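Take a look at these structures.
Shared chain: chain A. Partners: chain B in the first complex, chain C in the second.
So, the complex of A and B:
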């Protein structure tokens, strides 16, 4: 049994926990009940950013508590909240260029290209690259590179230039999608047809059908071949 | 990873049959086979999972025991003593829940001129919405139409759906997709702007739209950003603990600040419940895909205030929850994996069900394969599961497809040393979606006046089984409808209502009359994952 357990230090206090647990589950095993620092429990929400050190290593490491597995002699603390600067804007009125980025987040100018953010990212995103792309006005690239961002804040917590990378990223994705990406013409067309009430009669007929007749239609419906 | 020798052998059998399976056609089950499979293997048909409600507006209906315990529980508040004289917030529309439905509702209510307060239990956006990977449906292609979509929805729900709600869902879909596109949600598109779309279980057209495999995440982040840009007040870690009524109509709510343990009083002309699902109840011991705050609170709040529930005797188990590695237990392996051609395969290397049947059918088939047929694969921790062949996706669509189309999935497994483009995954059903919920009309009002419900907390839209992609859609469709209806109603209410806990007093009396024990309190707010030993030792020293 003993070798199946290991010791972790949560904010300085030692706890024996089973190996193979994630930091989150190990903390619960130790007796913590999460209020902050726990959201999706599956690497989607970014609520569980954690800083830690391991034995004989001077470096400060970061990860997601719901994903990272505990190691023996791990010293850890969650950082469940990080006060980050968020600009308020109207996406409609902005143009997809560097000016829009800098107007809302002038601190992007201060990027030292130190790459600390990239090293911190638990999603393996090229954070510095997307910040540099945003700075150049390459909104498409910034949007593409930052797509998997969970807004966990670990990059911002480490950035010497005090940039809030995830908010810059979100601005770029919204700018790209609103102004650069080509519009879905078929969607606009369908929306117009709906407004012209093209489907109202069909739907009313279906709604009025008996269950048995509807089932007949359903069972006989043709299914589009997947490509 | 620590695959056991028998797992490795089984994996070889999967590889050996892959080429044959590439071109193998499996037929859809006929309606009789489907019913047979469901009635014999789906947890919804296991009597022992359920019990009858003895108290409240849905008295006499069946629901899983875990739900019943909460619906028939006392509040920690004493309705005789609670002081409602000091009003902390006074607004037109109170939105309860910071997921997709709540965010959409708040935006539209604000746009309609209402003063809006959004309160939520965790952070704004910590919700099931942010976890949705696969996609969002909408009939926007030339070969598709809202009517075809409607037929899929009804058939999927076994024709139990409320036709008005199903109609609202499909007819609003194009508008909702256009709204999201305009707000700047980064949908997957072809070079000419055509939305990329694929099948989901039970769809007859390829109408599943996606933003890679962070679809819900993209939508949630965009809506939250937009809400912040519009200056919508959002109070986090302050769930609603009880609704307030004037005896009949809803007039506000009591918040609980989970960090300072204070109760706060909100007076509101209308209240929208958008509290999402209930996976964290772990019905019948199943693991879940849901976020930490999915504890059925909204159902409890509405029920006590007199709002009936519908279809609370059906739960959606997602057929493909992760069974291995243990750290991922219960987490979702998105249906898109099967949409892209991934196959369910038993330990012998054989397929046993066409992969794009509806979810209930898929789940039942896996349960049968692992149970009665004994064709499952046992993991080191003793879970029995089946393979989900993912390398076949690359064999079909080319190397790199998984990384490109399923980056979140790929990374999830990569973190634990599993390359899903090379080796198959192990899966078993997991509690995923609450098919039923509060009864609503097409403009989302519950039978309790001025109380609205939207998103997963509402029932009837999907009948007895929801199709993938229709929930994210429903969340935005009904969230928007709720925002509009609640704002309009609020504008028509001139005098703010009286704040009382009269409904709770009545409810407590009914519980007492039915001799319900005081063991359970609700709403639950957060699930309990500490070890029982730890909890038993704890005394309320610093309450």
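So, the complex of A and C:
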């Protein structure tokens, strides 16, 4: 039985928990109940950013509590919320360039390129690279590199220049999708068709159908072949 | 000849006219400038603190990136050149700082071992940082440049403006004589220009003071501009986007302060080189210039 348990320290207090649990499950095992700092439990929402240290290692490590498995003698604390500076802007009125980044987040230009943010990212994003891309106006690269960001806030917590990287990334992705990404022509075409009420009759017919006929129609639908 | 190239942030967006003309000139001269696959801001200012390595990590990491692409790194912007070259010298001459910086870069690697692009080897100063002008003189050769000149600029009176970043501090920059430099003049003579010597060619344009003390920066720039005008120059050429900004855009304010102020265009040396090499107009863009150089260039039949 003893081999199956290990000791973790949550905010300094020791708990015996079964090994192989994630940090989040281990904390719940220990009696914590999450009101904040817990969301999807599937590494998508970024609510459970956690910092920890392991025995005999000076380094501060990071992870998502719902993914990271506990280790013996792990010292940890969840950071369920990080207060981040967020600019109010109308993306329609901005251009996809360095000027827009400068105007909304002037602190980006304090970046020392120390790369501490990159080391703090549980998503293995090249955070410093995208901040640097943003500051030279390479909005496309910033949007692309930051795509997997969950906005957990660990980068901002570690930044010596006090940049809130994830909000800068969000600005860049918005600028990219609004002003840079090619417009989908088929979408515009379909939108016009919908507006001209091309599908109204078809929709009304569907609404009036019996469930059994609807199921038959569904089964006989055209299925796009995978390439 | 392929050579690794560091554009720097300003040339990526605000001084695209500088970047585009330089790449095209290089191509015409048989040089392929290969932009580093990854690069960050150089830091923009060389730190004068002596007890910290944090501020030189950015240039050192860029040099480490460059070391994987070749043994040389070409740059155009005077500030980038200044910061990269001095950071390189720090690594070469200060073993303690070199070790600390490398320890930090090594931690990058440990954090991202799976990413190929991160630094793996220690950076020991193995890259040679060279300015585009040095590349023209030492790698291409002024004679070879002269052979490619299609349009002689003999009627154009050109004032070469060095500014401070290329030249000082002399011991660290080792670019040219800080009091009486000649690399720019020799370059212009290669193009067949009528070179105008003027006493303010190595004085400061005001630099970053333009952000915090605009009047001071404009006073500095006015000294430079007036000096070139007094010597009868048609155009000033520069190697630096910040000098270009201060000397060119601030002529609007200068004209308000000085009665009868005659404006003078300020262009990048690569734009003049492009004209001499007969490069077509789309690569030589003057739309960002406050004082339009096109009238004087047209007058000398250079457009």
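In this section, the second predicted complex is superposed on the first by the 214 of 227 C-alpha atoms of A that agree within 3 Å, B and C clash if a C-alpha of one lies under 4 Å from a C-alpha of the other, contacts with A are read in each partner's own complex, and residues count from 1 in each chain.
One rule holds for everything that comes next: a residue touches a chain if its C-beta (ideal position, glycine included) is under 8 Å from a C-beta of that chain, and two chains touch if they have at least 3 such contacts.
Predicted, not measured: the structure shown is a model, and the values here were computed from it.
When both complexes are superposed on chain A, chain B and chain C sit side by side without a clash. When the two complexes are overlaid on their common chain A, residue A:107 makes contact with neither chain B nor chain C. In the superposition on chain A, contact of A:128 is made with chain C only, not with chain B. In the superposition on chain A, A:184 contacts chain B only, with no contact to chain C. By the touch criterion defined above, A:73 lies against neither chain B nor chain C after alignment on the C-alpha atoms of chain A.
Once the two complexes are overlaid on the shared chain, A:219 sits against chain B while remaining clear of chain C.
In the superposition on chain A, contact of A:98 is made with chain C only, not with chain B.
Of the two partner chains, neither chain B nor chain C is touched by A:140.
Counting the residues of chain A that each partner touches, chain B and chain C differ, and the larger count belongs to B. Here's the short version: in the overlay, chain B gets within 12 Å of chain C at its closest Cα pair. Chain A residues in contact with chain B (one complex) as well as with chain C (other complex) are 124. Considering their complex, residues 31, 122-123, 125-127, 130-131, 138-143, 145-148, 150-152, 154-155, 159, 163-164, 167, 170-171, 174-175, 177-178, 181-187, 189, 191-195, 198-199, 204-206, 211-212, 214, 216-218, 221-222, 225-226, 228-229, 231, 237, 258-259, 289, 291-293, 326-328, 331-332, 339, 341, 407-408, 411-412, 415-416, 526, 528-531, 534 of chain B touch chain A.
Of all the residues in chain C, the ones that touch chain A in their complex are 9-10, 12-14, 38, 40-41, 43, 54-55, 57-58, 61, 104, 107-108, 111-112, 114-115.
Contacts from chain A toward chain B in the complex involve residues 20-22, 25, 28-29, 31-36, 38-45, 47, 67, 69, 86, 88-91, 123-124, 143, 147-148, 150-151, 170, 173-178, 181-188, 190-191, 193-194, 199, 202-203, 206-207, 211, 214-215, 217-219, 221-224, 226-227. Residues of chain A touching chain C in their complex: 97-98, 111-115, 118-119, 124, 126, 128-129, 132, 135-138, 160.
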